[in-house]
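Listed below are the structures to be examined.
One chain, chain A, appears in both complexes that follow, with chain B as partner in the first and chain C in the second.
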Partner chain A sequence: MNDLLINFLRETSQTNHWFVLLPEIALALLAISMLGLDLFKKSPNAPSNPASRLNTRISIIGQIGIFIAISCFGSAFYEENRVLFGGLLEQSEKTQFMRCFFVFASISITLLSDRYLGKFKLPKAEYLHLSLLVCAGFMLLVQSAHFILFFVVLEMVTVAFYVLVAFQRTHLLSLEAGLKYLTLGALSSTILLFGIVLLYGIAGNPEMAGFVQDGFQFKELQQFISLHPENLIVRLGALLVISGICFKIGAVPFQIWVPDVYQGAPTPTTAYLATASKAAGIFILIQLLQGPFLALSAFLIPFLSVICAVTILYGNIAATGQTNIKRLIGLSGISHAGYLLLGVIAAISVPFAFDAVLFYLTVYMVSSILAFGTITYLGQVEESTIELRDFNGLLHRSPFLGSLGLISLGSLAGIPPLGGFIGKLLLFWVAYQAGLFFLLAVAIIGVVISIYYYFGWLRAIVLRPEGEELVEYPLDSSPLLLSERCFFISLLTLVVILGLFPGLLLNLI
Partner chain B sequence: MVFNPNAVNSAMFMIVVLVATAGLFVLLEAYFLAILQVLVYAGAVMVLFLFIIMLLDVDKGDDLKLGRRKLSLLARFFGVCLVAFLIFNSFSEVNLPSPDLGTVGDYPGIESGIDFSTSAKSFGLILFTKYMLPFQIIGFLLLIAMIGVIVISKKQKTAE
Partner chain C sequence: MTIGINEFIIASSLLFLIGFMGVLLRRNTLIIYMSLELMLNAVNLALVAFSRFNQAMDGAIFVFFIMTVAAAEVAVGLAIIVMLFRKKQTVSVDELNQLKG
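After this line comes the complex of A and B, so read on.
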């Protein structure tokens, strides 16, 4: 009996190659060291000094190290076609790319948050701790191939986001956003979990033909579903899982939380939600549709198409009347999720669409971070109430911030020489190849509408208002640091280069 | 009972419900789950609930409104019906279909992969081998929750 047991234990744990998770483990250790640093402050009761940048520096240097490690020596943490953790993890070149993507996003968020937290005198160590753990969670999320790992990681990320959203707790809007995100996030988790349980229950039922041992594992589930694509419970379960993920990416009809949460949350958190969270949701959606739910695509495509069309139209139309900047970004983010869904649907039949979606995600991430950076550096005032007119004449007041805003918004709107244009072009091209002509038409209408509000914003930045009195908006008193300038300039050049030479990134994916 | 105006009484009733659920788990031969239910929910979580109720000093609500009283009557009626149905079901010939739970050994799946089992030992065997990674992540989840509570509720002292 003892030998049998030892064999069993050895067998179940022999695929636990912890080394492939070294980047995630390093991020978690870095996160814990953030808390540890606070312990060694001179006097424990002394108020935290908002000007101290030690935490941020260590965090950024560590993350840059991890970024270089994954992007240059990625093969060390990468084992394709091997069962990892008994089928819990699955790696591919795409997941490697996403790992780099999330670390990059996290570095940018750390930079933004340093300025933001200093401005509002909020505790830095905890914020950095949470955002690092969220980054590690996202990296695990895209690699998970098992619903248990998937759900546990998703919950970890979501719980951390509840806190990050409500971080500025002295401010009512932030608290309100936290509460809304908490209740609606819990609701979406239950929907997702219910779907997973239905799938697990039906796939493990011995009465069904071809039932599987582990109904959580994506590959086994795929085998089972390909045998029973007509089964009602399978369909219901898949639909519930997709709904749960659609909540995370903010697709209609699960978009209600987006404007309020984006407005109330601290700006770095909003940027994190808009870029990394959306990217993770879209990536998971593609993986599910190409993996377990492949046999259901005939059933799911009509649903997704409707969601995609309504999302594009809703986001764009609702954004036209919006003057609050953060709500505007939230609503336009809904429409971007719609364009991405177009790529997701196309990816079921056209393999290249996956690359197009990843390209779009990257460009969207870089441009959004530039836009949020502009907001963060704009003024010393409360950021959730920044209106469109506060941008009036920004280019004259601060040429650097003004050009940041111009390039980022131009890229988001999809103006030709910039990266956003190529991203949209690639998405529309794959949609054309996949034969989604109706959705393509809707998306083009959406882009036309979006140009209206993006140009309203651009006009505000470029033109000095005449006739009416110029509202002098106090620019942030503390000047931009050299490192911040360098960072933003490199992001700017990235957006332009991606527009001129998209092949550079497409080769990497 | 959920409609009881006194919050402490409601919490007490909830403990009763949780213990009853644990009893159902025992009947399903899921002893480990039943123990967890009593220890974690009825024990730890409900104590926290009671603490908070007492800390916040919730006032006793007003007398039952008419609508609420009707609702609670309805709930009682359904409860009695359910009990009657269950008694009828267990003592009469016409049974609800009840699937047989096969007997499972202590070390399930040694011969044939991982199998269904209810004993605490097999939970441990699987949890610390195959599901080691999710187990660690749950640790981080709890850490995040703890940090979150501290951040949101601590007094902020800032240097000017």
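After this line comes the complex of A and C, so read on.
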């Protein structure tokens, strides 16, 4: 018995290649050093003190180092077709791309949060600490191939997000958003967990034909489900898991939290939720549908198709009447989740659809960060209450911010030749190839509706209303730093270049 | 009569549903959190029952992870409730309606 145990332990530990997790470990260490640095500061929470940028600088330099390490020397942290950690992890070229994606998103959020936290005199170290941990969590989440790791990492990310959403803790809206996100987030996690447990219970049942040893492992689960695609408990479990993930991406009917949380949360957190959280949800949805739930696709596709169509229509129709900017971004984000679901459904039959989804996610991330950047730099007072009319004549008041807004919104709306247009075109093309004509028609109607509210916003930026005397929204008094300018200009060029030469990114994916 | 796997799963599903209805219907934030805990414990019960029935230990080990996660969730949740109570002197979700539109 003892020898058996020792052999078992030896075998599992032989697959523990800690080196492939070096980027995640480095991020976690960086996160801890954020808290450690704070101990040596003489005057805590002094935004005027230039040393208070120290945390941000170290965090950004560290993250850029990790980004370069993964993107240039990625093969060192990459072992394809090998069992890692006894089947807990599984890597592919797609997960390598997603690791770069999350570090990039995290760098952008760090830059935005530096400005935001300084503006509202909030402690920086804790925020940076949590956002780094969230990034590491996302990177592990896309690589997980085992439901225990999957759930624990998902909860690590979600609990950190509860804190990040309620971070402005003296402010009622932020706290209320935190409470709503926590209640509904915990509810969705529990539903997902119940699905996992049902799948585990039925897959390991010794009375079932072809039962498996480890009902949490994706590969073993896939074998079992392919034998019993008609089983009621298997279907119920898969449905519950998919519902839990649909909550994270904000698909109808699990979208109820999106506008409230997006409005109340600090702007950098909203940007993080809108980009990285949605990307992780979409990615694991594709991985589950192509992995364990592959045999169930005949049962799941009608279900997902209804969600996709309703999500696109709901997001766009609800956004047309909205004047609060952060709610508008939240509602239009719901419709973007709908377009992405179109790609997810197409990916079951068309392999290229996976690439199209990743391209769309990247362009959506860059454009959203530009849009949230504009909001962060726009005003000094409470950001949750910024209205559409506060953007009036922004191009004349600040040409730099105005053009940031123009390019990012143009890309989100899908105006050629910007990146967003190519992203939508690729998604629609794969949907056409997969034969999803009805959903394609719904998506095109959705795009037409979305042009209405995006153009309303663009018009506000370009035109200065005449006749009536409007109180102009005061711009943030502290000037843009050179590093911030460089960062935003490089993001702008990225959006334009991706529109003109989409092959550059598609080759990387 | 022996209690088999089915009785455990039925009991756990009932607990899960009671918790779910509690989250949807109750107005007091603390009771909503208690309902969430009830749902998590229903899942734990199902996991332990399945783990015993399937003769595999990993389900029982997963329970410890779930308990840890639940504790972390409640720690954050109670902190948010305390801050909200200081601002608004109430923990009822009916009074928390600043975000709408």
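Here is the rule we go by: the second predicted complex is superposed on the first by the 495 of 509 C-alpha atoms of A that agree within 3 Å, B and C clash if a C-alpha of one lies under 4 Å from a C-alpha of the other, contacts with A are read in each partner's own complex, and residues count from 1 in each chain.
Everything below uses one rule, namely that contacts are C-beta pairs under 8 Å (C-beta built on N, C-alpha and C of every residue); 3 or more make two chains touch, one makes a residue touch a chain.
Just so it is clear, the model here is predicted, and its values are computed rather than measured.
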Which superposed partner A:385 touches (first chain B, second chain C, both, neither): neither
Partner chain in contact with A:226 - chain B first, chain C second, else both or neither: neither
Chain B versus chain C as contact partner of A:126, first or second or both or neither: first
Chain B versus chain C as contact partner of A:197, first or second or both or neither: second
Contacts of A:260 with chain B and chain C, given as first, second, both or neither: second
First, second, both or neither for A:152, with chain B first and chain C second: both
Contacts of A:483 with chain B and chain C, given as first, second, both or neither: neither
First, second, both or neither for A:214, with chain B first and chain C second: both
First (chain B), second (chain C), both or neither touched by A:493: neither
Chain C-contacting residues of chain A that also contact chain B: 148, 152, 155, 159, 162-163, 166, 169-170, 178, 213-214
Of all residues in chain B, those that touch chain A in their complex: 107, 109-110, 113-115, 125-126, 129-134, 137-138, 140-141, 143-145, 147-148, 150-152, 156-159
Residue numbers on chain A that touch chain C, as the complex places them: 148, 151-152, 155, 159, 162-163, 166, 169-170, 172-173, 175-180, 182-183, 186-187, 190, 193-194, 197-198, 200-201, 204-206, 211, 213-216, 259-260, 263-264, 322, 324, 327
Touching residues (chain side chain C, partner chain A) in the complex: 9, 16, 19-20, 23, 29, 32-33, 36, 39-40, 42-43, 46-47, 49-50, 53-56, 58-59, 61-62, 65-66, 69, 72-73, 76-77, 80-81, 83-84, 87-88, 96, 98-101
Of all residues in chain A, those that touch chain B in their complex: 1, 4-5, 7-9, 12-13, 16, 21, 28, 35, 47-50, 85-86, 88-89, 121-123, 126, 129-130, 133, 137, 140, 148-149, 152-153, 155-156, 159-160, 162-163, 166-167, 169-170, 178, 213-214
